[in-house]
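Here come two complexes built around chain A, the first alongside chain B, the second alongside chain C.
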Partner chain A sequence: MVATHPAPPHVAAAPDHVARRHRTAWVLTAPALVLMIVILLAPVVIATALSFSNYSLGNSGFDWVGARNYEKLFTRSTYAKMFIATLTYVATVVPISVGLGLGAALLINTLGRFREVYKTIYFLPVMATLLAMAIAWEFMLHPSIGMINRTLEMGCGTVLERLWPFLSTGCADGFPVWLGDKRYAIWVICFIGIWQGFGFNMVLYLAGLTAVHRELYHAAEIDGAKSGWDRFRLVTWPALGPTTVFVVTISCIRAFQVFDTVEAFWPQGGGPNKSTYVMMFAIFEKGVQQNLIGIGSAITVLFLIFVMFLTLIQRWLVERKVHYG
Partner chain B sequence: MKLTATATALALSATAVFAEDTVTIEFAYPYSHLFDVTYEAMMPAFKAAHPDIEVKFRATYESYEDGTNTILREAVSGNLPDVTMQGLNRQQILVDKGIAKSLEPFIAKEDAFEKEGYHQAMLSLSTFDGAVHGLPFSVSLPVGYYNMDILEAGGIDTLPTTWDEVIGACESMKANGIDNPVFWGWNITGNWFVQALMWSQDKAIVENGQVTLDSPEALAALEQMQEIFTKCEMKNLEWKAALASFSAGEIGMMFWSTSALGAVERSQGDFELVTGPFPGMGETPRGLPAGGNAAMLTSTSDDPKVQEAAWAWLKFITSGEGAAEVAKTTGYMPPNKAANEVILADFYDQNPNKQTAVDQLPLLRDWQAYPGDNGLAITQVIYDGIERIVTGDATDMKELQQEMVEEVADLLPNG
Partner chain C sequence: MAGLSIDKITKRFGETEVLRQVSLDIADGEFVSLVGPSGCGKSTLLRIVAGLETQCAGDIRIGGQSVAGLRAADRNLSMVFQSYALYPHLSVGQNIAVPLRMRRLRGMQRLPVLGRFMPGARALARDIDQEVDRAAQMLEIGHLLHRKPGQLSGGQRQRVALGRALVRDPAAFLLDEPLSNLDAKLRVQTRTEIAELHRRLAATFIYVTHDQVEAMTMSDRIAVMMGGRILQCAAPHVVYDDPDTIEVAEFIGSPKINILPVELDGDGRVSLLDRDLGLVARNAPRGGASLGLRPEALRLASGGDAPLRGHVAHIENLGSELFAQVEVPGLGRRVTLRAAAQQRAALGLGTPVGLSFDRELALLFDASGARLRGITRAAPARVEVA
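The block that comes next holds the complex of A and B.
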């Protein structure tokens, strides 16, 4: 807007005044710029550089190994397991926790009384530290003295056993060793991720719902949207578009970052047969536990690329698709 | 008035003198669930003997691997503790990188070092390039823990001496309706149990900088493990969960380090617990790896007072009454002749379960570390391989051996 105005004459007449203002502007932004470079950009650059080396902590020097670390990431079966575990987790946790968050928000929004009570209950797991919760889960999932298998055992010999094949095989051959069984481990982690995360999405959706104008519902009703489903499909869901993009992106990034539960349950090895060897844990194991900074940095860079990619998609969607200003 | 002033001055100078004379040393150790009680028991005697030394405990290491890593990181960031306890298999790397100091100058100043009970066989566990770098603090060996109530219910009255007998015992227990006959500690730190099977056949897992996973002994070890896991239908329990289950009286036989004996006895349910020697592969084991940890001096202080204080602490915990506390509070053996034979003379008679490991002492061999920067990564590769046997993911042992050999070769310095 400013650029379309003709330049005021006194600006051209006093160039050193402009230069001084430029200088002041630079001086004023310098602290922020310096901090950004030192604490945000420089580590990324250093990590990228280290990912092309074989640096190991405690050594005095290192060699450049080119793309060998990256080559390992895409050829070794261990890292194939890492990608499978990470993507399984993201692909399970994101849709379900977003769906449950939206569902809970819609239900709570229709409530007159007890809204706050429900909100608090669903938000409780979000407030708790995941690491502490993981330890509690570990006790509950203990194969013989844990609460979960004890509860399942109570169903043995009842009518439930005939209705639910899982229970009858459990009663006959023993219940699953949840955390030690490669068929269940990743799903246990997913379950805990959803349980812990959907309350956060619910709060975001509740905030989004307050921004939906009442008039839109009235207008839709006049246009013939009679059922609740129609109202949701024609008004609520499109109006929640920007919220959904944000919620999905945040959930994705949080899902990529899953670490606490894996570290608490399997401090060594990343689960039975590496079935829960997620990226964050791999970074921790290589870079911190085994001191192999080179390969650890390579996984970190890859992780950054994933997250950056997600953020770019989000920006693109926000700018192109879901604006109803 | 004058009197008060003098008194105040005296009091002030007294505190000043006191503050000057107190030397603070920093110390860190692993496995708080095993050793917290040991250090608690030692402290009063140490304070009485050395009132001018204050020992500051740092946060405990979760495991030996964690301990080594913490020290490596602290060496880079320049805040090493004065004394650290390190796994016997992780001393080499700290010596190689020049972080652990040689103890020879201190030993030279002691006139009766031999008399304190440090004898050569034990010190050799911590001797590198002819110089003692650590004083072994606690030594453990693998043993069998047996829940006699379950064994009797399963119709077994003699303790197994070979793995075939263990499998036989599993089968008769299974037939008698016992779901959870065995836990075999494959997941113990540093591939200790794999090394136990290798040493049982008198084969070292590292020879001339090469990992001997390609040897016939290694294949025999893998096949032995597979036989135990599958025939006993062993559940893939995390080790803490397994110890909890055993203490609760739900597992018949547990093969684990003698070190956990103190912890297991403290949380033991209502059953008769007996330990027995580690079974062998067809015959009595010909060797077993020494587990445990040693005290190493990592002080970077130039102050001779701090150095002397660190040495005093090191010596106190590894000899005399200090060392005897190790046996009293844990299942470890103090690697100190004097402590074992004089102070603990009646102790083992009264605690026959702790005697089992002592009886196996002649079999003591090195707990080996893998060479190079990738040492910890190699430990992980072997761990992952064994886990695949436990979960039933790997069924062909020859194939698994080949895969492990290739992966390890890739991580060796000359690979």
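The block that comes next holds the complex of A and C.
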């Protein structure tokens, strides 16, 4: 190629010029690159390195322990409980908070007048500090003086007792100690997670709904889509595809990060029989409270892998499935 | 297929009255255009016919049956929207199949994967595929069936929207400015195709447009709407040659008709700029009136007998013909004249010209804008010199 095409005269000066431009480009990108490496990449690399060591803060030296930290993660029953608690929480909170968010958005979208009022009410728990809310919940869930068990007690002796077995056993043997019972603890955490999170999803869905082309509903009506469900399937749901992918991803990541409620209810130990020993709490307990940086880092790396995986799925879905370009 | 009749439809949005007692009868198989300036209520009327909007008063009958209280899905009409309103997540084939699937398959049979295994679904799906293919062949979009609407050009999308409308056998087709998103060349081509499609299907079409050329070229009849009323509904040549009001005359025709202020005396003699034009309007009150002259009714005249004199102010050359705008002193507005291409030499900018007109083609309107008919030629009167 080069031999057959005689070089145009101005090329002689080019290499110098190109090199200068390259240098300028590097100089200009350097600050951003340095910041990215220092703030984003370095911590990940360091955490990964530490996860192969037995380092603790304050010790002068440490040893490389190979994959032993990871081995512990996959063999000890405490960590099995951690995975179960985390996955139970994610698998419960994500679908329900996304579903409720969508349902609330669809309902509010049909409203004329009280729209803003409803929006604000549902969004309140999102804005409230979860730690403060957890204290309120703790009072409500108190086994003897809590509002929830008091309310349930009012049902004793009425016809409800016959219709609802849970109530009759409660009246006979006492109502659950919500936060102290390993059968209920994780579900209480899930409930609070949903209560706190679905308003956020609702707002995202409301934004998504404004982008649905009104004429499509008219077209669907003309095409014979008579029921609300038909119109939802034909127009609304496909149009909300990108929003749904985003909402699910955000909800997943937030669910993986659940920490405040567990820390507020059970500052020591992650719930009755470790039934609410979620990943974030484990990282906090190992890495901060017990100063076992190695194992804490190993959980962190695992956590990062989960989140990365979710993000990759989201990118793939957005590019392949829901952008109808 | 069926005829359609619109009976004294009134529509208000809050305080503003958008449609005022609009009535229109459309015969079976007829192509009627609703044409009018932006905001005159064309789309609103079409959407009321479709059942997407409810009227405040009046009635719609399809095939003689009132459709009051019948929802859009039950009116058996097809509609093409200005934005095409294709379902972005469905392929072209699936888009065209939607009206058939919605009407023929039951809820369970429409389920994404399971639906195929429901009893009877397979045979129905095969029929639907065949009909989709047939519609696609007719519009020559067979090779696009697997694409998504986002991967199509404007013209192709427009065809898909048409395909979705004609895959069924509706009582009537409603089209709301289906060509307004296309470029000029494609618009001309698609215009012809829609007109031919109408001839082939022999179906009832209501076609909304604000482009009077589209209305003129495609329709059996044109309904000119303005301010929520139908001013005139007649065949294109009637609306053009014999408009009922000055608004219709001004709206239809491009370039616009020349409207000149004239005076009627007690005998109905018409004079322009104090010159007698040799026209008599019988039974007309004396006073101010308007004379409408289409550009092709005017011609160049030499000599002193030309009723209008002025100089050429601007020329638009279209190749086959040209339009000259002539500034006439005392008139306050320019007069547009159509001339043959050969006359270009005589029409240099600033050239003084004389204009006369074809008295047969002159249209006279009274002060309120209503047409004055029954104009006769007067014997040329003595020129009264002031």
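Going forward, the second predicted complex is superposed on the first by the 309 of 325 C-alpha atoms of A that agree within 3 Å, B and C clash if a C-alpha of one lies under 4 Å from a C-alpha of the other, contacts with A are read in each partner's own complex, and residues count from 1 in each chain.
As a working rule, a residue touches a chain if its C-beta (ideal position, glycine included) is under 8 Å from a C-beta of that chain, and two chains touch if they have at least 3 such contacts.
Computed from a predicted structure; not experimentally measured.
Enquirer: Mind checking the superposed model to see whether chain B and chain C fit together on chain A or clash?
Expert: They fit: once the shared chain is superposed, the two partners occupy separate space.
Enquirer: One more residue to check, A:223. First (chain B), second (chain C), both or neither?
Expert: second
Enquirer: Given the touch rule stated above, what does A:256 touch, chain B (first), chain C (second), both, or neither?
Expert: Neither partner.
Enquirer: Just checking: does A:205 make contact with chain B only, chain C only, both, or neither of them? Give me first, second, both or neither.
Expert: Neither chain B nor chain C is touched by A:205.
Enquirer: Would you sort A:288 into first (chain B), second (chain C), both or neither based on which partner it touches?
Expert: After superposing on A, A:288 lies in contact with chain B but is clear of chain C.
Enquirer: According to the stated criteria, A:174 is in contact with first (chain B), second (chain C), both, or neither; which is it?
Expert: First partner only, chain B.
Enquirer: Pick one for A:265: touches chain B only (first), chain C only (second), both, or neither.
Expert: First partner only.
Enquirer: Of chain B and chain C, which one touches more residues of chain A?
Expert: B
Enquirer: Minimum Cα separation, chain B versus chain C, post-superposition (Å)?
Expert: 44 Å.
Enquirer: For the complex, give me every residue of chain A touching chain C.
Expert: 213, 215-216, 218-227, 229-230, 234-235, 238-239, 241, 322, 324-325
Enquirer: Taking the touch rule as given, give the residues of chain A at its contact with chain B in the complex, in rising order.
Expert: Touch list, chain A to chain B: 56-59, 78, 138, 142-145, 174, 177, 179-182, 265-269, 272-274, 285-286, 288-292.
Enquirer: Within the complex, which stretch of chain B touches chain A?
Expert: Result: residues 62-63, 65-66, 69, 72-73, 75-76, 97, 99, 179-180, 187, 235-238, 241, 244-245, 248, 250, 373-374, 376-377, 380, 383-384, 387-388, 391, 393 of chain B touch chain A.
Enquirer: Show me the residue ranges of chain C that touch chain A in the complex, using the header's touch definition.
Expert: My answer: residues 47, 50-52, 71-74, 77-79, 81-83, 85-90, 98-99, 102-103, 107, 148-151, 164.
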